[in-house]
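Chain IDs A, B, C, D, E and F follow the sequence of writing; residue 1 opens each chain.
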Amino acid sequence: MQFSSFAEFIDMGGYGFYVWLSFGMATLLLVLLVMNSLVSNKQVKQRIAKQQARQEKLKRAAKQQAQLSQSS
Amino acid sequence: MMSINIPSYRQAFMLMLKRDLTIALRHKDDIFNPLLFFIIVVTLFPLGIGPEASTLSRIAPGIIWVAALLATLLSLDRLFKADFADGSLEQMMLIPQPLFIIVLAKIIAHWLITGLPLIFIAPVLAVLLHLNENSYGALMITLLIGTPVLSFIGAIGVALTVGIKKGGVLLSLIVLPLYIPVLIFATSAIDTAAMNLPYSGQVAIIGALFFTSFTLAPFAVSAALKVSTN
Amino acid sequence: MPSSNALLHADKLTCIREDRILFEALSCQFNQGDIVQIAGPNGAGKTSLLRILAGLSQPFEGEVHFQNQPLHKNVELYNQNLTYIGHLAGIKGEMTAQENLAFYLAMQGLPPHAAEQTLENVNLLGFEDALASHLSAGQHRRIALARLWQCQKPIWILDEPFTAIDKQGVKNLENLFVEHAKQGGCVILTTHQDLAIDAQLVKTIELEYQLV
Amino acid sequence: MWKWLHPYANPEITYHFTGKLTPWFTWLSIILLAIGLTWALLFAPADYQQGESFRIFYIHVPAAILSMSIYVGMAIAAFSGLVWQLKLADASAAALAPVGAVFTAIALITGAAWGKPMWGTWWIWDARLTSELILLFLYLGVIALHNAFEDKALAGKAAGILAIVGVINIPIIKYSVEWWNTLHQGATVSKFGKPAMSADMYWPFLFCFFGFAFFVAAVTCLRFKTEILSRNSMRPWVKALVKEEIK
Amino acid sequence: MMSINIPSYRQAFMLMLKRDLTIALRHKDDIFNPLLFFIIVVTLFPLGIGPEASTLSRIAPGIIWVAALLATLLSLDRLFKADFADGSLEQMMLIPQPLFIIVLAKIIAHWLITGLPLIFIAPVLAVLLHLNENSYGALMITLLIGTPVLSFIGAIGVALTVGIKKGGVLLSLIVLPLYIPVLIFATSAIDTAAMNLPYSGQVAIIGALFFTSFTLAPFAVSAALKVSTN
Amino acid sequence: MPSSNALLHADKLTCIREDRILFEALSCQFNQGDIVQIAGPNGAGKTSLLRILAGLSQPFEGEVHFQNQPLHKNVELYNQNLTYIGHLAGIKGEMTAQENLAFYLAMQGLPPHAAEQTLENVNLLGFEDALASHLSAGQHRRIALARLWQCQKPIWILDEPFTAIDKQGVKNLENLFVEHAKQGGCVILTTHQDLAIDAQLVKTIELEYQLV
């Protein structure tokens, strides 16, 4: 252990701002990357699901129309 | 069967603004690209000139403003060109509301998409170029009042060249000379600020340019569009 | 003299393009209930005439009157009564079919949510959320034409509305024109196809192709 | 000759295979980073010249090295995609680009935050720093081009061509160090075999480096799966899979 | 009824070159505009930075080269955009000769129209910026070998973005980073020349870039066009 | 199996746009002397099919064969035998009608001075020196079509060639097609108008509009 107190740890020998800026920004960017990856994964799945739903809706509409034209 | 319920001027303005912003936001690139162009152009100069901090700091205001000019210039095409090519512009000229309302909305949308982001990124670039610390305030103020002027003046240029097949460089010829006053007073304000002197005189002039272009440009643009689409 | 119920009349129009006289001293009038087809071979000047009638270009000589007033005196009123769809459709490829239509409807003061319903009329059901640039030539044009189904404006000026539209689509449009004319509107159009509308309803203005 | 690649060129098999790998990478990365970062922040000795600011090293250097390796990996993937028509290679290139861009940004930011106390300035136009900045631009160009196409298969091809052309830039800029004076430190850790630094600094660095490397692997796998899905959205297995997952 | 008399590769190349030059010469603007843009951008700097001869002379190589980069960039659109929009590009892809021949002809036409004039006007601008007298030779040589590289690399960028509605700024984002090596070595050569030192090393590198891009770019462009028009 | 005199045959083509299957496992063949009309409503996939046949886009699955060789194996030879005219005409507005035509003729190895004569065929006499951008919609398209009159290539793929063309123009084109087919060529075209060609000469491929 290089530090004797928590305050000393935070201060980093006077370089606290720069060290924590680096670690903070790195963490932030990595977290954003992970979130973006998860979100876009979900979005793609939702897009596919939505498309499927619409296709099914259209399929039903087409079937109905076919039945109507048959009965008339 | 007379038509009913024509949207008010304000409604028409808002509709147009929303449409243009939607199109820009659809491709998010549209916002990031002029910004990136701005950043890349600024970085080209240290690469071409060399890394000495003293030289860079001396020419920083000029570089940032020239880059802002060029970034606006390159994004101007979006203002009317696409609308002209697909016939939307024709339709806009047939809208019951006066054309300058539509034009105003389009110009403001353009500034929101291209001018505003520049202002946010400029301080970072100023750091890279070692801009004098006293100058940051002046840089921000001049950009805030100056970039709308660029959009307004640029709109006139695009409106004049919209009917010509390849307006790309012709546009710059028309527009850049008109941008020169903004460039001169803005950089002068930043240089003055670096020496810790008051720069309100230059800002006042840019402010005057802003109000003039804000009130007159939409009419000039409308007139120019009518000529271009005839 | 134009009769009193003339919506629009053209007074001795002359149009000169590239030193060629397309038409000279052309007078005509468009009444409520008219469907007028401007006919003529390629290059006769149909598009030029329609653009002059819509106020988009100025004739070399002559004037267009709307409700017996010269056009330039009341552009705004005229634009409140006019729908013009030209060779280019005015559809943004970056917006979806629905957004495109909603914009034009809103500009007429109609609620944007009418758009979805209207798209059904032109057989674009299922393409509401497709970007217009991803549609076929005919579907693209259908977006532009869709607004006619909601249109309250009496004067329609349409330059080759049937371009790229399939047969069923053409039939629907023709029915719409008849409907519109019956309700007191006026349709001015060009097309190189034969109209399947009762010949009594259609007037034809024949533009000749003048070589000199 | 490329026949043996065939089973891996099947998107469905690759998708499931990647899905199996992801948790392994994730856990390895979490464990290695937890050990490495704790060690780096709490136990590693301070540098005798740079003091505690040296701890930035443990992020800066892995990020910088990864940023360049990822670009090369991406370009190789793009090249095989283009030459041998491997659609999945295009997809992996597309998955790598944003990851590489983030690590480049981290290298830049941590470098700047290190430069201020060490060199007294956030930024200088030194060859090494400049080349890293240009690398960021190359990444952003690839990403922007990828986003500009609606059709993801076309997007992958276009971005791939750009990634390959961009590779020419990398050696040129690296060797341009000779044309400019440079403040930035030369290779110390990346000299394989004989690290010119003490073991109690070197070990935590290795943990961090491999922790970040597995992080890259995990995120890339996730993005790769997304790319596969969006390129094969009309395949029945994708439809079934999506139906299963979204309920 | 097999087709006869297909033009040879050389004939096809010449036909294409002639066509592009005809179009450019038809609007004479096309030649003067990039040139004027170049001149205006260069003159913006003394306006933005101030007229001190020593500063200007220091930054002259950088400014001239950055302006040349931007002028080329702005004129790139002409390479394929118009041909794409009116369907000509489609027709070119169906020509019996390999696509890279057509592409090569188009790129060379582009350089003749935009790059070559820059070289003639550059010395004049160098005088305005008080460029060091020893540097003129280096300026001319680097421009002569460097501007074709700009056209070749730029062509790849345009080919990649030609199908995208709003490639304007995206193009710069893609192309400018690729231009940076040319910029660095060219300005470095001019600076070295100013100190009366040999600059053949830098010129050799630009020469290598020239040959690489000359041989590889047409193929990259063809591949990119096939992707863009799919 | 395609018969031996098949110029072109498509083998189990599948085309998917925006997740919609336009056609699936479509096989067809085109022989010397055929005039084939691809029919179908807007958005059915006619343009997509023609572009695949012309080698401009890749099918999702399947392959096109020219003289029993896959297309990508001999692109150059195929292009020597193909003329494709799409929705966009490929005419430069900055060049005159004659220059535009001469360029395309020269690319086929024909002498450029044939251009003037050929323009007469499409009734553009007197417009040789007019810039193409100054012509009407129909005249513009006529420049593109003019090269068919000189065309020695057997395969013609034409996407809505009659767009904006007047009646006389359509008739001339139809005659040309019949002539070309008789000489052993093959014409593949789409149009929403009825062809006035002897029904025995025309084959039709019907694309259905598939909702899903």
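By our rule, contacts are C-beta pairs under 8 Å (C-beta built on N, C-alpha and C of every residue); 3 or more make two chains touch, one makes a residue touch a chain.
All of these numbers come straight from a predicted model, not from anything done at the bench.
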{"item": "Remotest chain, subunit C as reference, centres from CA atoms", "value": "D"}
{"item": "Pair sharing more residue contacts (C-beta pairs) when D-F is set against E-F", "value": "E-F"}
{"item": "For subunit A paired with subunit E, centre-to-centre distance based on mean C-alpha positions, whole Å", "value": "41"}
{"item": "Inter-centroid spacing, subunit E versus subunit B (mean Cα positions, whole Å)", "value": "26"}
{"item": "Approximate Å spacing (C-alpha centroids) for the pair subunit B, subunit C", "value": "36"}
{"item": "Between subunit C and subunit E, centroid-to-centroid distance (C-alpha), Å", "value": "45"}
{"item": "Shared-contact residues (touching 2 or more other chains) in subunit A", "value": "51, 58, 61"}
{"item": "Multi-chain contact sites of subunit D, meaning residues that touch two or more partners", "value": "137, 140, 144, 148, 233"}
{"item": "Residues of subunit B touching at least two other chains", "value": "27, 29, 33, 36, 40, 47, 50, 82, 85, 165"}
{"item": "Parts of subunit F lying in touch with subunit C, wherever the complex brings them together", "value": "17-18, 40-47, 87, 123, 126-127, 130, 134-139, 142, 160, 162-170, 192-193, 211"}
{"item": "Residues of subunit D defined as touching subunit F within the complex", "value": "233-234"}
{"item": "Sites on subunit B touched by subunit E in the complex", "value": "27, 29-30, 33-34, 36-37, 40-41, 44-45, 47-50, 55, 58-59, 61-63, 65-66, 69-71, 74-75, 77-78, 82, 85, 165-166, 168-170, 172-173, 176-177, 180, 183-184, 187, 191"}
{"item": "In the complex, subunit C residues that touch subunit A", "value": "125-126"}
{"item": "List of subunit F residues in touch with subunit E within their complex", "value": "54-58, 76-77, 79-84, 86-95, 99, 103-104, 106-110, 152-154, 183-185"}
